[in-house]
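As written, the chains take the letters A, B, C, D, E and F, and residue 1 is the first residue of each chain.
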Amino acid sequence: MKLLYLLPGNVEIGLGVKEMERRGAILQSIAQPGTTIDISYVPTGPASIESMCDEYQAIPGVIKAVAEAEKAGYDGVIVGCAGDPGVDGAREMVKIPVIGPAQASYAMCSMLGRKFSIITPLEEMIGTTEELVVKCGLKDKLASLRSTDITVLDINRNPNIAKERTLEEAIKARDIDKADCITLGCMSLAFAQIDKEISAEIGIPVVNPLTAAVHLLESMVLMGVSHSKKAYPLPIKLRG
Amino acid sequence: MKLLYLLPGNVEIGLGVKEMERRGAILQSIAQPGTTIDISYVPTGPASIESMCDEYQAIPGVIKAVAEAEKAGYDGVIVGCAGDPGVDGAREMVKIPVIGPAQASYAMCSMLGRKFSIITPLEEMIGTTEELVVKCGLKDKLASLRSTDITVLDINRNPNIAKERTLEEAIKARDIDKADCITLGCMSLAFAQIDKEISAEIGIPVVNPLTAAVHLLESMVLMGVSHSKKAYPLPIKLRG
Amino acid sequence: MKLLYLLPGNVEIGLGVKEMERRGAILQSIAQPGTTIDISYVPTGPASIESMCDEYQAIPGVIKAVAEAEKAGYDGVIVGCAGDPGVDGAREMVKIPVIGPAQASYAMCSMLGRKFSIITPLEEMIGTTEELVVKCGLKDKLASLRSTDITVLDINRNPNIAKERTLEEAIKARDIDKADCITLGCMSLAFAQIDKEISAEIGIPVVNPLTAAVHLLESMVLMGVSHSKKAYPLPIKLRG
Amino acid sequence: MKLLYLLPGNVEIGLGVKEMERRGAILQSIAQPGTTIDISYVPTGPASIESMCDEYQAIPGVIKAVAEAEKAGYDGVIVGCAGDPGVDGAREMVKIPVIGPAQASYAMCSMLGRKFSIITPLEEMIGTTEELVVKCGLKDKLASLRSTDITVLDINRNPNIAKERTLEEAIKARDIDKADCITLGCMSLAFAQIDKEISAEIGIPVVNPLTAAVHLLESMVLMGVSHSKKAYPLPIKLRG
Amino acid sequence: MKLLYLLPGNVEIGLGVKEMERRGAILQSIAQPGTTIDISYVPTGPASIESMCDEYQAIPGVIKAVAEAEKAGYDGVIVGCAGDPGVDGAREMVKIPVIGPAQASYAMCSMLGRKFSIITPLEEMIGTTEELVVKCGLKDKLASLRSTDITVLDINRNPNIAKERTLEEAIKARDIDKADCITLGCMSLAFAQIDKEISAEIGIPVVNPLTAAVHLLESMVLMGVSHSKKAYPLPIKLRG
Amino acid sequence: MKLLYLLPGNVEIGLGVKEMERRGAILQSIAQPGTTIDISYVPTGPASIESMCDEYQAIPGVIKAVAEAEKAGYDGVIVGCAGDPGVDGAREMVKIPVIGPAQASYAMCSMLGRKFSIITPLEEMIGTTEELVVKCGLKDKLASLRSTDITVLDINRNPNIAKERTLEEAIKARDIDKADCITLGCMSLAFAQIDKEISAEIGIPVVNPLTAAVHLLESMVLMGVSHSKKAYPLPIKLRG
């Protein structure tokens, strides 16, 4: 199958093309035999996504790119940001499955334990992330939301500090908030590939939203299912 | 005080300038002595808002216009669509209160009875409207969501049919879903000013999101309160 | 319009007539041009309301006074206690809107942020206050309930100490309980008019139940809506 | 042990002394060996309790009578109305257990099946009864609330019609609302002692709030437990 | 009436026959005049029940023993473990009431205060105990779950240490988690009969699941009610 | 990878060995390249699983077989019944991922739409299935539970009738209960492979618990994650 990993931000002013290529290589290495994963980005998007304003700037380009991906023959698309920006809008435009790493990682956490916690970059993302958990229907499974207090772009610049801070908060989530499973609320943390080390140190599973999104999207394609067009109908303006 | 009523759609290709002017006159007639309400629209918005794609197309222009409104000295802004598109993003940009008619009307319904129902134009808007009720924290007060199965633009063309269909669904909401209060999930229904007639026919309050938004925004300005900047902080990119 | 602010306690044995007059002057100063607010009290009520027993002692007189207020031509009534004692019973008797400061302030908080906290006088009022939040349908928006451990009458005697204690708890609500908005669960705190100073110190909105009640009641009158008579029907014994 | 069954209404203008005596005999016949149950009423109460106004009229007398019952050496009190009027206030005044038939019957239903329904006399009592279920913490167990559309006093006058209507609604609760257990939301239905016949006809348990209240209160006394004085503290005014 | 208290574990390899006899004597001393309580155990059960594996090992024997108890003429059965193992399965087999001490004690706590906490032996039982509270429909009443970190068999060996640790956690539940009522999540704690002493020390009710189960089962038998056969039908394989 | 699909029932007295072989072939055909799926069954299990008694009879054998599967080098196990019997107990025994088709299919439905419905064989399985949805944390996503009123073994005997009845209920779930996604609450329905046809007829996704379980388990193995041993610890008796 042929999948697209779509970065909603403008890589040129943000992560940089080299980092995008590094991520593309990681994605392909994760993919199953028979799966090709391309990576691209939204030129009209922001440098990084750390606010609702950033999300809203990114979304129109995300929707456009997802519609083009379907026409170009992709079997599914991952919107590559842990806020799942515009996934609902993009689903209205296409029949191929579209998934966000947040929903994928929350669903995976919900199957591995009783209560999970999410570690986000900045404190100020906690409110909107909690709204996303509620939207995914998994509030009863949420132990807590915690933040590293590091910006997304700094996570890329200082992966070791990011890992240290994430580990500290993961330990608090486990011991204070009684989480038995952790996920990372940021794709830069995800691509830092620190989940296995942290899991080894804290003794509970750490779900990487990156691998969760790739394998759950592969699963949807293999199952021949996609999002409900009753829930996400083609906008009335676009109907014949 | 000076308030702005911002239509997130592009009036020229949608409602028409004449309808916008009619709405502006209604708004001013509702305003309290001492309140001026201007009306404007988002040129980059869609003809009407009936899908998440429509909302996302409108939002970047909404955020920009709200930021400009604050600079222009407005005391508060109403985002004039019953989906409250981009209110959270706009709040990040400004300190003046920004409110959507949906949240205002739900809050008013929550104070008038035990369970309220929302009548939306199209069935397909029910899912996202329910998500909005949950986001407003009022799920426990929701009796039901029902739709007239008329598009937003047709509501403007045929207010009488719209009123008939709204009345039919309001009666079902009262008798089948046990609602004791009703609100209208569409600003074209709101500006059709059918709420008093329907309330008289069904014997329970019908909250007009238009008057709810105007008077609750006036109340916020009079109280000297606005949305929490802890909940809606200025995006980090824009900080000094 | 003509509104009544009804103190459910017996002022002569409690707050004192002078304090009632001070409150009456504050109310009138808050009212919009064209609004007259009278203040009165319930002679059969307790000295102060700090328990369910106090509330129940006050309520029969509240219901009687609200029914008389409607006959006397008032356009709406505020039951002036942050426990909203007897509002549901009073609504059964009349068609004019009756509102409590608690419900009004909770509704206002729900529109300003994601999670709000309530500061009450005594720890022992927390349980019944939480029941009130649930009754208002806003449990999902509640961050926490905290108390100053000062009695209502002492708040009137020592407004400065009350302000200090309220500030301390408001800071804990913001930092420990993650509230992004605060309200005051006591009308003596409300009439101490400390909300603006505390808000300035903690950097999040503090909703004064006094101004919330006045302006939301004015809004109901201006909108021409009142509580649902389906939810609050005239007692069957009193029907023709 | 010595228990008091307190009718919150004024029997002389309502049920009649003969009916009270009939109920007293039924209560004693239900009591376990070693239990004496006295019956009395609140002279300041209403003829019947079918609105919040009725409840609030009854409550001050209920609180007074419960406090006197403790002084008189009773081991526990049942507030004999399926709205549990003033139970929280009465609990503040005493250390002996005070229970309402509503809470007792809901707790019993919660142990017998997955979802229970409540049959109340009038439609207009459904809203406040649902608030009571929420207050008892059992909303997740509630299948539905239904009404017979017969007034409390008519239930006493026409027990057969009351039984027919209750049976009809119980069948709907079982088949439409998927209840697997039923309770009666009215003490006049309870004292009509129709629960066994209805249960036999519908094949699911029908909990009589009368026997539930008597045996759960006996259980509390036998266990040596009472309501928490942390939850229901003596009003501060009454403390030494 | 004749009741059976069924120990789901194998007493010979666990508690010991002497301890079972001691418990049998306590049960009979609790029973009301006219109630006989026999005690027996499940030979195929584990030494103690501290995991889901232990519960599942015990359950087939519990179901068998409950079915035999009904044939032997018992009026009701208590499954004597605070995990209520197999109560739902056993209810499918019989018409006589079957109750677990957990559900009985949670229901009793729900009637005595607003929020209760449960003290379990081991931390690792907290997750499954919380699931049980949810299953009983009482999640809204739960303040917290805490553990003594002592195994079930050690509780029997060192009742004093168990009491100390339970007291410590009960105080935290009251002061940190705001519980106003406590119950014990282990029958070895229950039979240690420490509830009255702890309640005296912490000033809030402590519900003993042992007395709760005995008296609530007696209440069911006296009321002539049992679990709903619609909720717990005889397995289809066993129907005529 | 090497996976085991474990039938909790005794195939010899139930489905029959031929049906098990047919299912084994289907499983292998679903598996990804590089995945081997063996099928086996629990000789101590019941003929079919249609009650909690059936589940409890099956579970001890399930736990034993899962523990042996880990020792035998399997990478993961599917407990092949839509009641997920004993999954929590089995997880305590092993470190390899163990998953049930119910949890897998509910998680998949939660990602495809807003509200899903479950079609079970018999009405009497609805109560326990709802408890399972709650345990999976997805109650907020549940539209309804419906049943075909056909026994599990009859589903195998008459796949066409089963398909007709499932289609009828799926249409009601979509139109009456407003589900936008459907799953099948029975593995015999799953192995009837009617999901694609039904989905084509009703126009919304139908999730087959069979393919959901296989691909989500493959995903867990590929991600290198398993259930949390904090949530499902090795029973204390079995620790060194």
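Please note the rule applied: a residue touches a chain if its C-beta (ideal position, glycine included) is under 8 Å from a C-beta of that chain, and two chains touch if they have at least 3 such contacts.
What you see is a predicted model; the values in this text were computed from it and never measured.
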Subject >> Of all other chains, the one whose Cα centre sits farthest from chain F >> reply: C
Original post:
Counting shared numbers against all numbers at the contact of chain A and chain F, is it over half, same, or under half, different?
Top reply: same
Original post:
In terms of CA centroid distance, which chain is the most far removed from chain E?
Top reply: B
Original post:
Matching D-E on over half of contact pairs, by residue number: which of A-F, C-D or A-B?
Top reply: A-F
Subject >> Averaged-CA centre spacing for the pair chain E and chain C, given as whole angstrom >> reply: 44
**OP:** State, to the nearest whole Å, the distance from the C-alpha centre of chain B to the C-alpha centre of chain C.
**Re:** 27
Original post:
For chain A, what residues touch not just one other chain but two or more?
Top reply: 114, 127, 131, 134, 180, 231-232
**OP:** Sort out for me which residues of chain B touch chain C in the complex.
**Re:** 30, 32-34, 99, 103-104, 107-108, 110-115, 134, 136-141, 174, 180-181, 196, 199, 203-208, 211-212, 215-216, 218-220, 222-232
Subject >> Contacting residues of chain D [partner chain C, same complex] >> reply: 46-48, 50-57, 59-60, 63, 86, 88-89, 92-93, 122, 124, 127-128, 131, 134-135, 151, 231-233, 235-237
